[in-house]
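Each chain carries a letter (A, B, C and D) given by its place in the written order, and its residues are counted from 1.
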Amino acid sequence: MSDNNNAPLLQLDHIGKEYYGNRVLSDISFSIEAGEILGLVGENGAGKSTLLNILFGMPVISSTGGYEGSLYLDGKQVNFTSPTQALAAGIGMVHQEFSLIPGFTATENILLNREVLNGSLMSYVFSERVSTLDRDAMKARASEAIKTLGVHISPDMTVNEMPVGYKQFIEIAREIDRKNTRLLFLDEPTAVLTEQEADILLIALGKLAKSGIAIVFISHRLNEVKTLCDRILVLRDGKLITDQKASGLTTRQIASLMVGRESLRKEEPVEIPDEPVEEANVNDALTTTVKKKKKKPALKVEHLWVDMPGETVRDVSFEVQKGEIFGIGGLAGHGKLGIPNGIMGLYPAGGKVRLFGKKLTLNRPRAALGRKMAFVSEDRRGVGLLLDEPLDWNITFTAMQMQGRFLIGIPHIFQLRNELAMAKETRKFIESLSIKCTGPNQKAGELSGGNQQKVCLAKAFVLRPDILLICEPTRGIDIGAKTLVLDTLKEYNKEHGTTIIITSSELEELRSVCDRVAIVDEGKIAGVLPASSPAEEFGMLMMGEKLRSALAYTE
Amino acid sequence: MIRKLFDIIANNAVPAVFIIISAFAIPLSGFSASYLVQELLTRIGRNSFLILSLLIPIMAGMGLNFGMVLGAMAGQIGLLLICDWGIVGIPGMVLACLIGTPIAIVLGIFCGHILNRAKGREMVTSYILGFFINGVYQMVVLYLMGWIIPITNPNLLLSRGYGVRNAVSLSGIRAVLDNLIPTIITNPEGAKQFLNINGSGSFLLLQLPFFDGAIRLPLATFIIIALFCVFIIWFRKTKLGQDMRAIGQSQSVADSAGIPVNRTRIIAIVISTVLACYGQIIYLQNMGTLNTYNSHDQAGMFSIAALLIGGASVSKATITNVFVGVVLFHLMFIVAPMAGKNLIGEAQIGEYFRVFVSYGIIAIALVLHAWKRNREREAARRSLRGNKGGNA
Amino acid sequence: MFVAFLKFLMRWFQRLVVLAALIALGVWLFYIGREHQIFLDNKTLGDFKALEQINVRVNDSEIAELMQRERDVRKVVGPEFEIKAEVFNEDGEIINRIAKKIKINFSKDIMINLPAFAAGEENFIVPAPR
Amino acid sequence: MIKNFIKNAGWPRIIIALFLLALFITAPFVGVNVFTSFNNTVVRFGMNGIMVLAMIPMVQAGCGLNFGLPLGIIAGLLGATLSIELNTEILAKLAELGEQYKISWLTQEFLTTYREPIGFASAIIIAIPVAAVLGWLYGKLLNRVKGDEMMIATYVGFSSVSFMCIAWLLLPYKHPTMVWGYAGRGLRTTISVEGYWLHVLNDWLALKFEDTVKIGDKVLDVNLAIPTGMLIFFAIIAFIVWIFMRTKTGTAMTAVGSNPEFARASGVNVDKMRTISVVMSTILGAIGIIVYEQSFGFIQLYMGPFYMALPAVASILLGGASVNKATILNVIIGTFLFQGILTMTPTVFNSVFQTDMSEVIRLIVSNGMILYALTRKVRA
């Protein structure tokens, strides 16, 4: 009906999405013209990846009930149910994780499953798959695609011999080579590049856009977004906050739009703590900072590095005071999760960690647990729980193995587990944390996410720790459980004086619970701020901007 | 640099050890060179095809196809039927292949589906699958043949009237392929003698000046094997071969690139099973007798052991590995019992030794593979830290 | 859409052709590769009296010398074979020479009644003994 | 409800159980003596139970099905052959000890009366340390090849059996009942344990009935011998395993199998637990084969232990275990079902079809069961 020539390349009309009753996207509308570069920014969990999944037709979406609203390509409504359809329609995507075959050459990777074939009789009888590859033509095409990007990579180089930056270029070259690609999504393409490489990439993207390809550029490096993009969209909590020309925004403004609650205060009854509490927290934070010189810190970390895949910690130093609730925030993939995992000895780590002044042996979970530290992992199903075992096992196992509790018999010679005591302790926690279950004998795998998280907390509380490290306490659980978990932590801290270190992607959550919050950027601490600092400053830290005021607290 | 050297040694350790063992065992056995060469040529012709059938699943990252015995069984059913019908010579062999092919394809598809359900443990699953299908095969051959499947030749049937005998003579197709182009290799002197005795005409004589004695070369079989090698080289260059290599290295990447992973894996197994079927037919035409209930069992184990001895691993195997393997493995096979007898006075020791070596080598290859894979996984994780790491 | 369907149909048609060709090949192999036992029987059959001696050669096989009431067997491969016979009288003189090509097609083993064969009768093929 | 049951038990298991049930129902109608068959099933249960039990520790610790059981069996065979070889020496040594330390009950008379149980016990006592050492090495190996345990276990089993083939020929055994008569050395392929410890467990407290029962117009001879001793021995070993799985170490082992990452994060040494499980499994395999031999009557050397792992693996799976979870109940049910099929199929099929299809059925049932377990998703 509509005039196709005037229709935008891609138009989103009131797109929304719910996962199991959790609203992650609502009412997103915008459009992209050919040759335009659009910057898409937002915190983790703002809904970026869900949006991409919808546009790219990922099966996750259709298997969880589809999405609301409609998509138009060239003015025609489309609904992709598989990535193949999106690809066929000319939408290309470069993911954050490399999707390259290590033993293949650049050429083979660029033309993966789109190889140039020699025709033959065999292919006529059977299928195209029995035609031989035309290696020369493939190489020519690959070289051309690489040349478009303005870099020099030999098409015969195998991927596992390439530096990381090259791999990113190969990924992009693959999308460019697709002749029908008109719209290209780039998810954090510069995260793994050096500054020089990033500059080359930005120039290449600019050239691509001139040739008529529309680009959606997702990055947390706001400077790049600002220099490259024509327009900037900011997503927050599943809503489109702003859609305006890049030239009219400063990076500081973008940062505050991303994280800032200030502008939203009127419609936000949920998690903003009452002013007085915040006030008190500030005071606490200040007094602890003042007292720092006199008291020995509960935990002192110096030059810590951790090899945690996807969450590499490069060089981190900080101190946590006794009785404090300390938050660690930052974007996903920058190493905030690596810190507690490394301290607990779950991943290879190095550097110095002192616990109440005494050195802690790294790389041995037993050592960390033996020093009365407890850990709640972010990977509940992978590390946190025995899904196939009953609740009482889950809750008491660590205490049994580490502290010899819930056992009867002669220590070190013959000890049986005391199932009665285990069940009793478990019942206590089921009651106090109101875990919804049929009893201590229910399998942990059968509980909902929120209740599983409570089990994980119970497991840590049973150990009666001096220091409690918690990763992503509210990830993947519903709002009611969220509040309960956070309140439990606060209470526990108050009652037992336990030092708590919380690592979370949700900055608001950290600010509402913690005394001080450290922000991690690219494996290093960007700064430590009292929880009461303006959200905007945290945002700037996350985006890799150095703040003078924050540095003061870091030392 | 030293690491690289170490890698080269480590990668070729298995063949090297076997060359050393053979170097000691050959003189001990006291066999003549021409005898050994004759035996080796026969065995290369007999076994290479079977071993070559293992290459394609390895390319597709499915490990050693212990399920190749399925193909061997299909081939044996073809052979049993042509035996009953009395089809002889080359037409008999081709017909056996023709009958075996659909059976092998069906079994291959079944095997492929099962393996797709057991990703990550393809080898142990295909191994058990071999046993399972062996049960079905025995049911067919021992109870259904002569009862539901008509078998009339009394030489094939057990005296009770149904079920196939344990040993079936394949006199109709014995060595028909090997002798299709009768070829003798000898020195000029021997050639003269030979011509005097046999007259000229029916034999192709290859003369090698320094050669001692006269040996028969199964030329036609070698030509078939050469054709097969060309097929594999060609196959590697096709789109299908490329897809398999991609899947072999990373299933998830191949999948996201739109390559039909499961289907391609099934195709790999089907090709392997069908080729194993042909391989078994070639093997048995050379042997001349079919051990109805044992031949296929040994086919799998010996082929895999030979391939590994040739320096292949669970994830990488080349045509060279096949031929190096078949030579080294069978050299040991021929020599070991005699060497054992001459050394300790007990031929049985040599027999057991070669069985031990076959199993041991598979065990070691599997261990090395798993070990290497776990180490690589660790190294990959470490490399993520990049060079910015601050462990200084 | 229609073109795609046609292509699909075409492909299946081709596959059917290939399949049919393979089956035909199988039948042909069965035809040319089958081994038959030819029983040679020098016995009285009806009006045809057993011969004193008859020497028979089937294809290139060894000559079978059959006295009265003797029987021998030769193997041949393929659907057709040539049979040459020399009939002797009591004095050992050749009284008759016959050469004939015989087709057996798909049947397995046959028996040739030599007296009938020598007499030039058509019905010399009798069922093979079990 | 029923749907759930089927889902939990799995089709193959139900089909096999129904098949066995059908066999038991048909048996009387085709003239098979059900009592004898049942008795045989019980005897075979006792013979094989401990070897099936050997699967539990490794499955629970996440090392998968122990296809390497032949390694434990070899330790058992060493124990058995050494106990016969050294029989007189052991008895003499015991008598000497009795005199030296004035142990009143350890008299010549006691030794003569209990010659067979002592032989049996010494076989087990010799086998255990051998099994422990082999198991420890085997465990260390399996820790390096996590993820590929089952295939490697299979070939470790095979190569150790074929290695021992050479060893049986070369080891300096002298005892005339065990070595080849003509050569004077090299062990025989089968060695009778008669006169040493044949049926020591079977006959201990055995319940024997002899009677005739009339069913309809048929008269059946009931000739039962329940091997109580062997069943008690199995029960004791099973109890020990059961108790062990309830100790601190056993609990840790189960956790390692259930989720190694969890166990590690709880301060458990994962590799150590796995090694312990492998050692236990190997020791149980060694004891299992000795119990098997005392009932079977022969020690089978050379290629004898080659395929012994498969029936044990199939049994425990048949009993409802999965690749990473197994209980004592799985062992009992599975062994009973599996051995029931093995005893019933030949007799019933022989009577109905006049042919013995048991070998084929055994192949299909056992391997089908393993295949089924392998193709099921282990963890989400």
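Following the convention adopted for this analysis, contacts are C-beta pairs under 8 Å (C-beta built on N, C-alpha and C of every residue); 3 or more make two chains touch, one makes a residue touch a chain.
For clarity, every value in this text was computed on a predicted model and none was experimentally measured.
**Student:** What's the farthest chain from subunit D if centres are computed as the mean of the Cα atoms?
**Tutor:** The most distant chain relative to subunit D turns out to be C.
**Student:** By the contact definition above, name the pair with the higher C-beta contact count: B-C or A-D.
**Tutor:** Looking at contacts between chains, A-D has the larger number.
**Student:** By Cα centroids, which chain is closest to the centre of the whole protein?
**Tutor:** So the chain sitting closest to the middle is B.
**Student:** Using mean CA coordinates as chain centres, what's the subunit B-subunit C distance in Å?
**Tutor:** About 39 Å, centre to centre.
**Student:** Roughly how far is subunit A from subunit D, going centre to centre by Cα mean, in whole Å?
**Tutor:** The answer is 51 Å.
**Student:** Averaged over CA atoms, how far is the centre of subunit B from the centre of subunit D? Could you give it in whole Å?
**Tutor:** Distance between chain centres: 35 Å.
**Student:** Please report how many Å separate the Cα centroid of subunit A from that of subunit C, as a whole number.
**Tutor:** 82
**Student:** At least two partner chains per residue is the criterion; list those residues in subunit D.
**Tutor:** none
**Student:** Any idea which subunit A residues touch subunit D in the complex?
**Tutor:** Subunit A residues touching subunit D: 344, 346, 365-366, 369-370, 375, 377, 379, 381-389, 393, 397-398, 400-402, 404, 407, 409, 414-417.
**Student:** Write out the stretch or stretches of subunit B touching subunit D in their complex.
**Tutor:** 114, 117-118, 120-121, 123-125, 127-129, 131-132, 134-136, 138-139, 142-143, 160, 344, 346, 348-349, 352-353, 355-356, 358-360, 362-363, 366-367, 369-371, 373-374
**Student:** Can you check the complex and tell me which residues of subunit B touch subunit C?
**Tutor:** The contact residues of subunit B facing subunit C are 82, 85-92, 94-95, 98-99, 172.
**Student:** Touching subunit B in the complex: which residues of subunit D?
**Tutor:** Residues of subunit D touching subunit B: 67, 141, 144-148, 150-152, 154-156, 158-159, 161-163, 165-166, 169-170, 186, 310, 355, 357, 359-364, 367-368, 370-371, 374-375.
**Student:** Which residues of subunit D touch subunit A in the complex?
**Tutor:** Contacts found on subunit D: 243, 246-248, 251-252, 254-255, 258-259, 261-262, 264-269, 325, 379-380.
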